[in-house]
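This is the structure I have questions about; it appears just below.
A, B and C are the chain letters, set down in written order, and residue numbers restart from 1 in every chain.
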C-alpha cells in the first residue's frame, strides 16, 4: 500500500482528513469559547472573557435539577435496556431456537425506525395502555431505543465465546442460572459495560422521544432546547460546554473499555 | 468388581444419521479406558452422553450402579476435560479449579486445601493467581485436568485433550496423564483418534467404528491379535494378505496367497478348503535377508522403495504378482541385504488370521 | 483420590493468606427459596424455555411491534383519543387527507429531497476521510485517527446543532470573519435557511456514514491494490475498479442509515431551519401537540413517512445491489 498510493493523492487525503477534523471540531470549539464571553448576548468577536456564566449555571437550580433528572432517567433506562438486551441476545444464540432471524430482526426494529416515528408510535402506545406521559414513559422510550444496541453488542461478544465454557460450568455442577451468572455474564462483562455507557449517552442525548413522552419536568436536552428557542445567551454555551465535557469524558472512557475488552 | 460405567443397548441418532449403534460397554473402576476411532465413529457422542450433554435415543447408562440416562450434567458425578480445555478466561487458575468445589458447598479452608493439593500434583503451585491466558498450552492442559479432578468424580472423561498440543508436548503429556491416573486411581475414559496415544496410555482400548464397538481389549491384544480388518488397519501399520485356504488341520492352516503357499495359525477358526481369509502380518514381524531363510514362511522379492525413518528404514518389497509388502529393517542392516533382490521370512505364529466377512465393514 | 498426605501439610504451612472463594454460591443454590423457584425452573425443559424466552418475547412483541401496531390501528380511526359522546369508526380518510392537500404533501417531498441530498453530500465528504483512516494511516495509528473523528459525537444531537448556530449566525464566526477581512459589509443570512439546515444535518450524521464505510474499506486487502498497480492501473482506475466495488456494502449500509436518520430528524430543523424549511416530522408533530383530535391523521402521516422511507431505502439497497439485509 505504501507504494501504491503515490504522494499526490496521499497528501491531498491527509489534508482533507485534517480539514474534516477542523470542520467537526470548529463549531464545538466556538461554542465553548463563547461560554467565556463577558456579555449577555452571543456574538463574535468575544472581546472580554469571564467565568461568570459558569458560576451562574452552577447555581441554576433548573439546570442542576435537569441534570439529576437526566442522569436518573439514563440510569434506569440503561439498566433496563442492558438486562433486556442481554436476555434477548441469550435467546438468539440459544440452541434449537426457531425463527432466530425473525427475533433478531425484531430486536433491531427500533434502531431502523426513524426517531421521530418511534417517538410518535410510543406516544400513541402509552396512551392506549393508559400510561401518563412523564418519567416512566421517558424511561420506557429510552429503553426501547437502547435495546437494539445492547443486543448487537452482546451478540457479537456471545458469538466469540467458546461454547464449551458453559458446558464446562454445567459439568462442574452449575445449573443454567449459575452458569449464566458465573461464566457467561463475566465473559460478556466488558462488552456490556461499553454498551451500558453507550446507552447512557443515548439517553442523555435523546431529544425527540423525551419531547413526545415527557411531562413538565425538563431533561437536559429539553432545557437547552427551550433556552435556545427563548433566545441566545452565553449561559446556554456554558451549560452545553459542561454537558459536552462530561459526556465526552464518559464516551472516551467507554471507548477505552471496549478497546481493552477487544484486545483481551 | 462392579463396573463404574455401564452402557446398556445405547443408541443415539440425529434424524436419519445413527451416531451410536447399540452400544454395550462396561468399565471397571480404576482403569484407563480409551475410546479409539476415526472422526464420526461415535466415540465423542458416547462420551458426551456419559457427561450428560446428549440424551440417548434409547438404552440406559449406569454410573456407579445408578441410572443416569436422563440426569443433567450438573447432577452427575463425572467431569470432562474438554478438547480446548474450556478454562474460564476471567478466573485465575485457583478459581478455575475451585469452581466445582464451590458448588459442592465446601468451606473456604477445605477448598483451599484441595486446590493447593491438586496444584502441587502438577507442580503449578506458583501459578495459582495467573489467568489462563498467561499459561502455556501444557499448563492449561494440566489446569483443565485438575479442575475436572477437583470434585472427585466417579469417572474422568477426556475428550481428545491432547490434540491441541504439538507433537513433543503431546508425548510428554501422555506419560504425565498416565502417571496422574495411576497416582489418583481414578477411572479415566479417554477419547482419541490417535492410535499411538491409545496404545501408550490405556489399560483397555475400545475401538469404535460407525457407532459400534469393533473390538475391545488391552493394547497388546489389539495390536497383536486384531479381530477385524478395520482394527488391523487402524492400529499400527500392517500387511493384509488375502489368502485362500488350501487345507487346515488344528493349529496349522496352509494358505495360498498370490500363488505362494504360506502357513498360519487359524486361531479359533475352522476354515474350509477354498474359503478366503486375511492374514495380518506386521512389518516388524518380517525378517529380511540376502539368503533364503531355512524355516517359516518365506518369499522372494525386489525392493521398490526405501524410506529412511531415523531409527529404522521402511522397505516396500514387491513379491510375486505385483503384491507389495511393507517391512522394516534397522538402518545398519540395509547394507547386508546385498542388492535389490532379497528374501522375506516370517514365523507363522506372529501372524493373525481374520475371516473375510469382517472385511466388508 | 489424590494422595494428599505430604501435600496438604505442605500447603497449609505455606498458605499464610488463603484466597477467598465464592462459597456463597452453594448456599444460594442449596437454599430452599432457590430450589423451589429458579432451581426448579431450570430443571424442567418447559421451565428453561419460559425462563429464556418469556421476557424477551413479551418485550419484543409488546414494545417493538406494539407501538407500530397501535399507530396503524389509530391511523384507521376517525377519532382518537375518543371524546365522550363521539363515536369512533373505521376510516381511510386520514390517509386521503395527505394526498388531497399539498400543504402536507410538500413537506414530505421536501424531507425526501433534503434527506437524499444530505445523504449524497455526506457520502462524498466522508468517503475520502474513511479511506484515509482505513488505508493510508498506519495500522497502529488508526484507532487514534478514528477516535479524533468520534469526539464530536459524544456531544449529542442538540448540542451539536446548537454549535452550528455559533458558526453560521449573523454575528457568528463566519460572518464576523468575512467582515473582518473586508469581503462583505453586511452579514450574509445563513442561519434559518436550507443551507444552514443542510450544513447542520451533514454535521449531525456524518458518523453514521463514517463507521460503515471505514469497516468496509478496511477489510479490502492491500494486496488487491498492489496487484492492480502491478497490472498498470492508475490511482483513479484502482479506485473505480477495486475500492469502490469492494466497499459497496459499506456504502449501502452507511447511506441507508444516514437516510433513515435524516428523514426522522426533528430538533435540527426546528433550530436551524426557517419558515421555508418546514419538514415532514414537524408537520406530523403539529397533529400531536396541537388539537388532540388530530392524532389519527398524525399516525397516518407517520406511517406514510415510515413506509415511504423504508421503501426508498429498500429500492436504494436493491439498486446498488448490496446483499439483502446487509444494511443494518
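Quick notes
Throughout what follows, a residue touches a chain if its C-beta (ideal position, glycine included) is under 8 Å from a C-beta of that chain, and two chains touch if they have at least 3 such contacts.
All figures in this text were calculated on a predicted structure; none of them were measured in a lab.
The busiest chain interface, judged by C-beta pairs in contact, is A-C. Put simply, the chain farthest from chain A by mean CA position is B. Computed centre separation for the pair chain A/chain C is 11 angstrom, with centres defined by C-alpha atoms. A straight line joining the Cα centres of chain B and chain C is 57 Å long. In chain B, the residues that touch at least two other chains are 72, 103-104. Residue positions 175, 178, 182 of chain A are each in touch with at least two other chains.
Shared interface positions of chain C, defined as residues touching 2 or more other chains, are 22, 25, 29, 43. By the touch rule above, chain A contacts chain C in their complex via residues 1, 3-6, 8-10, 13-14, 16-17, 20-21, 23-28, 30-31, 34, 42-45, 84, 87-88, 90-91, 94, 97, 103, 106-125, 127-128, 140, 143-144, 147, 175-178, 182, 201, 204-208, 211-212, 221, 224-225, 228-229, 232, 236-237, 240, 243-244, 247-248, 250-252, 255, 259. Interface of chain B with chain A (complex): residues 51-53, 72-74, 78-80, 82-84, 86-91, 99-100, 103-104, 133, 147-148, 151. On the chain C side of its complex with chain A, the touching residues are 22, 25, 29, 38-39, 42-43, 48, 51-53, 55-57, 59-60, 63-68, 70-71, 74, 81, 125-126, 128-129, 131-133, 135-136, 143, 145, 147-160, 162-167, 169, 171-173, 176-177, 203, 206, 222, 225-226, 228-229, 235, 238, 260-261, 263-267, 270-271, 281, 284-285, 288, 295, 298-299, 302-303, 305-306, 309-310, 328.
By the touch criterion stated above, chain A contacts chain B in their complex at residues 162, 164-165, 167-175, 178, 182-183, 186-187, 189, 264.
Touching chain B in their complex are the following residues of chain C: 1-4, 7-8, 10-12, 15, 18-23, 25-27, 29-30, 43.
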